[in-house]
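Two complexes, one shared chain (subunit A), two partners (subunit B, subunit C).
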Partner chain A sequence: MGQIFDIRLIPEYTVKLLSGIPTTLLLFILVTVLSLILGMAFALIKIQNIPFLYQIVAILISYARSVPGIVQLFVVFYGMPILIEEFTGVNATLWDPLLFVVIAYTFNTSVFFCEAMRTAIESLDKGQFEAGFSVGMSYPQVFIRIILPQAVRISLPTLEINACTMMKETALAYTIGVTTDIMGRATILGGRSYHLLEADISASILFLILNFILVIVFSRINKKFFTFKRKESVAV
Partner chain B sequence: MSYRFNTDLMTDTMINALKYLPVTLSLSFISLVLALIIASILSFKEYLGDKKGFYIGRVFSIYSKSIPVILTLLTFNHAVYGIAGYLSEVVGLNINIKKIDPLWIGILALSINGIGYLVETMRSALKSVGKGQLEAGYSVGMTTFQTIREIILPQIMIEALPNLKNNVTATIKLSSIAFSIAIIEVFNSALIYTATTYAYIEAYVGCAVIYWILNELITGGIGLLERNLRIKNKATA
Partner chain C sequence: MKKMRLLYILSAFTLVTALTFALAGCGSKEASAAVGSKKVIVQTADTFDPDGFLNDKGEADGFEIDVLKAVAEKLPQYEFEYTAAPIDQITVNLTSKRIDIAALEFGKSPEREASFTFTDEPYSTLVTRFIVLADNAEYDENTTIDDFQGKTVYVVKGGDADTIQAYNDEHPDNPIDIQFISDPATCVNDLVSGKADAFIRGEVAIPAYGAAYGVKLKGVAEPVRNEKCYFMLQKDADPALKEGIDSAVKKLIEDGTIPALHKKWHHDVDYTPPYTYQPVYNG
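Presenting the complex of A and B:
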């Protein structure tokens, strides 16, 4: 083995690993969108205090907060096919592992999104609801037109942190056989050439860039949709 | 074909995995303590007006915020073994690569990952205490060290505890990723055990149960401590 560490390989590998970005981004966007929907549902259940469902959500929150992401991923990846076969008779063992990654991380992230949105909604004044009802709006109308825009603005920083964490955690998908994302490609590239360290550093650089983009996107969202409201609230 | 969940194998795996609980705990707590010491030094430097502490803290927090722990672990693993191999092969030092315990690499990687989060925790705690406390200490003739020990530390302990609780559980959760660099802890021992039993799902569910109980216990314990400290503080105030 002539070269142990070749710094010239890092740019080369970084360019090669760019091909893993679509899968990583797809995973990220799918999980974020699904978690927003599911997290909202969980938050509503918690706020409305619906019996039975409330207890289930409480258990789910405790589970997703205490159990490591990788264990959750393995439980879903090995457990879901058994459940699917038990109930529908379909053999799911050969389905794309990406699907199970999405399921596992949606579940994990939606819990964190739920907590972020629940605290945001609960931080709003009860009078907001009452004001809406007083002008004859129905509950869904009040929720969508008055509560949600404010709650999203309040919870955006927390959502951003949770989204960043989730993107990092999706790197673990390579452990269950996803080979097309950044981490999967880096492992293959490093293993094939024995330049493992260079592959790791290139993947780290890519994650750093992706995260910077994410932070910029979130601050753009914040500026574009919520600065007007912020100014207004300062003036009042 | 119906599948039967074998609870006996699950308890077997759990008992086997519990033997490695000390490894998980030492991995997470040693790295937490190391990270806490460095993070405190950095954030206190920033608090006392040193710009260097601020910039180093920022670098650490950007690093751990954006780079997956698995990459940190693998990078350090490959770097340490690469350097050791280079030293023994090319330079000719007498290093036995097999004798390097991956636990130390895990502790190194996890503490570097933890510094970023703990710096933020300490910074927010110090911010909530405010600079006026330091000046108040100076005004009665206390030194910087005395002010920090007598006035600021008791306050930030309470302020930092809720965030610290999150950091502790996060580190314990992250320590399960150490299986990728061949540290035998709870999760990895369960993985190894499945090689003989083929009871995969039982092993993973068992692991989930262990981590679940462990983290709930730790969160509850720190919550109790938090409440205790708050009540004590109110009583003395």
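Presenting the complex of A and C:
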């Protein structure tokens, strides 16, 4: 016979939920990589003040900042297939829900990455661009070799917070039918056995471990960049 | 210089667009397989054991799926695909035409009939009861809904809550104290601790919760809901599909397949309509 709260189920469920880690990590890695690219594109549009695109990005940023993540997910999941069918005639309603999660989270996270990178780039002295141009470097060369490394270092703490938040937000994927990630598996496991609390505790243990690893990874990268900075300042 | 900037930005956008479409391409393979064929996508719940759930292999399983698999055998012109989703999403997915059949003990209501097409042949009965502790002598075969006036009863928002609210509207002097609590563990825990006097749930929950929590429960009073259940199809569903399902369900009831599936999944109880409830159900 069972118990209303059975603590012995927590280790058992934690082991079972390990099978959800690949999907959660796949979601996290895809969204992070795509968000960095899109976020950088958004940041450049804002910095270069490109007419029309600037206004579009500004609206997108306002939307992503103001609307709850779960609502954004529903809008993409239910709205995007209608738009796709309207403009291309392609029936997108049966596409894998994971794809809509990646699109919704990429859009949401890229906005926050954009702001982190934009403020980092704008905080740098414009003289650095001029110095690069004076030695014959092109704009992309100055940007990639001089500006970007510094901007990444400055924006790293903000990127870390946003990445950690995004890792947790992947749990919402279950609401549109993704059942292979940690939270999807936890809900099914707990729902079927009527021990949802135990399953949620097991999921929280795994998220705690994953985010702990993420913090260590960012800390290592951070340390590397700051070491570079100290050497530079000693040399000066 | 300005050209180079624009080139850089355009390159970034091209990359993002290419990645997005590459991902979209992965998903579209599934979609293209469904277009143009007589594929019928069935959806049930992912955690509603024993009626609809995802099994250990990650496949949709349970009573509803077994019934539809039997129906599919009688309709070889259709290719049935079985899926499961969170309960709240099933009707939304049917509205957005992601699925063709919603299967989860759906009873008819004017709201649902305005949005969906129901099959005509009922295959099950949804029976919800007041559930109390089995050793609670206060409630027995003579218990009626009136015995819960002034008592705290946990209900799930929706059908049962609406029925109790309608009862309260007729008895404003001494209404039933409705609390919207759906978590099974909380319902049973509060029943044991005395915070709640009863909760309302399907009869099938009585043996299931008893086994999961080690508590003996019983269902008392007249069912709060005693509804015939049908499959729910898209509003503009193919009439041939609806007729095919109705014809198959009728035959499966007559040959004893559906009654046997009820007994297999529902603790040896046959919920094929018409269902006669027991005054006290001990699971």
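Details
Throughout what follows, the second predicted complex is superposed on the first by the 228 of 236 C-alpha atoms of A that agree within 3 Å, B and C clash if a C-alpha of one lies under 4 Å from a C-alpha of the other, contacts with A are read in each partner's own complex, and residues count from 1 in each chain.
Assume a contact is a pair of C-beta atoms (placed from the backbone, for glycine too) under 8 Å apart; a residue touches a chain by one contact, two chains touch by 3 or more.
Everything quoted here is computed from the prediction, not taken from an experiment.
Clashing of subunit B with subunit C is the outcome of superposition onto subunit A. In the superposition on chain A, contact is made by A:Thr180 with subunit C only, not with subunit B.
Once the two complexes are overlaid on the shared chain, A:Leu208 sits against subunit B while remaining clear of subunit C. After overlaying the two complexes on the shared chain, residue contacts for A:Ile45 are found with subunit C alone; subunit B is out of touch. Once the two complexes are overlaid on the shared chain, A:Ile188 sits against subunit C while remaining clear of subunit B. In the superposition on chain A, A:Ile216 makes contact with neither subunit B nor subunit C.
Contacts of A:Ala131 after superposition: neither subunit B nor subunit C is touched.
Of the two partner chains placed around the shared chain by superposition, subunit C is the only one that A:Asp96 touches, whereas subunit B remains out of contact. Once the two complexes are overlaid on the shared chain, A:Tyr139 sits against subunit C while remaining clear of subunit B. In the superposition on chain A, contact of A:Leu197 is made with both subunit B and subunit C.
The superposed model puts subunit C in the path of subunit B at one of 23-31, 41-49, 59-67 or 77-85, which is 77-85. Residue overlap on subunit A between the subunit B contacts of one complex and the subunit C contacts of the other covers 4-5, 78, 175, 190, 196-197.
Here subunit A touches subunit C in the complex through residues 1-5, 30, 34, 37-38, 40-41, 44-45, 48, 50, 78, 81, 90-96, 99, 102-103, 138-140, 143, 174-177, 179-180, 187-188, 190-197, going by the rule given at the top. The residues of subunit A lying in touch with subunit B in their complex are 4-5, 62-63, 65-72, 74-75, 78-79, 82, 85-86, 164, 168-169, 171-172, 175, 183, 190, 196-197, 200-201, 203-204, 207-208, 210-212.
Those residues of subunit C whose C-beta lies close enough to touch subunit A in the complex are 1, 4-5, 8-9, 12-13, 15-16, 19-20, 23-24, 26-28, 30-31, 34-35, 41, 46-49, 53-54, 58, 84-86, 88-89, 92-93, 96-98, 183-185, 188-189, 192, 208-209, 211-215. Chain contact summary for the complex, subunit B toward subunit A: residues 1-3, 62, 65-72, 74-75, 78-79, 82, 85-86, 90, 169, 172-174, 176-177, 179-180, 187, 200-201, 204-205, 207-208, 211-212, 214-216, 219.
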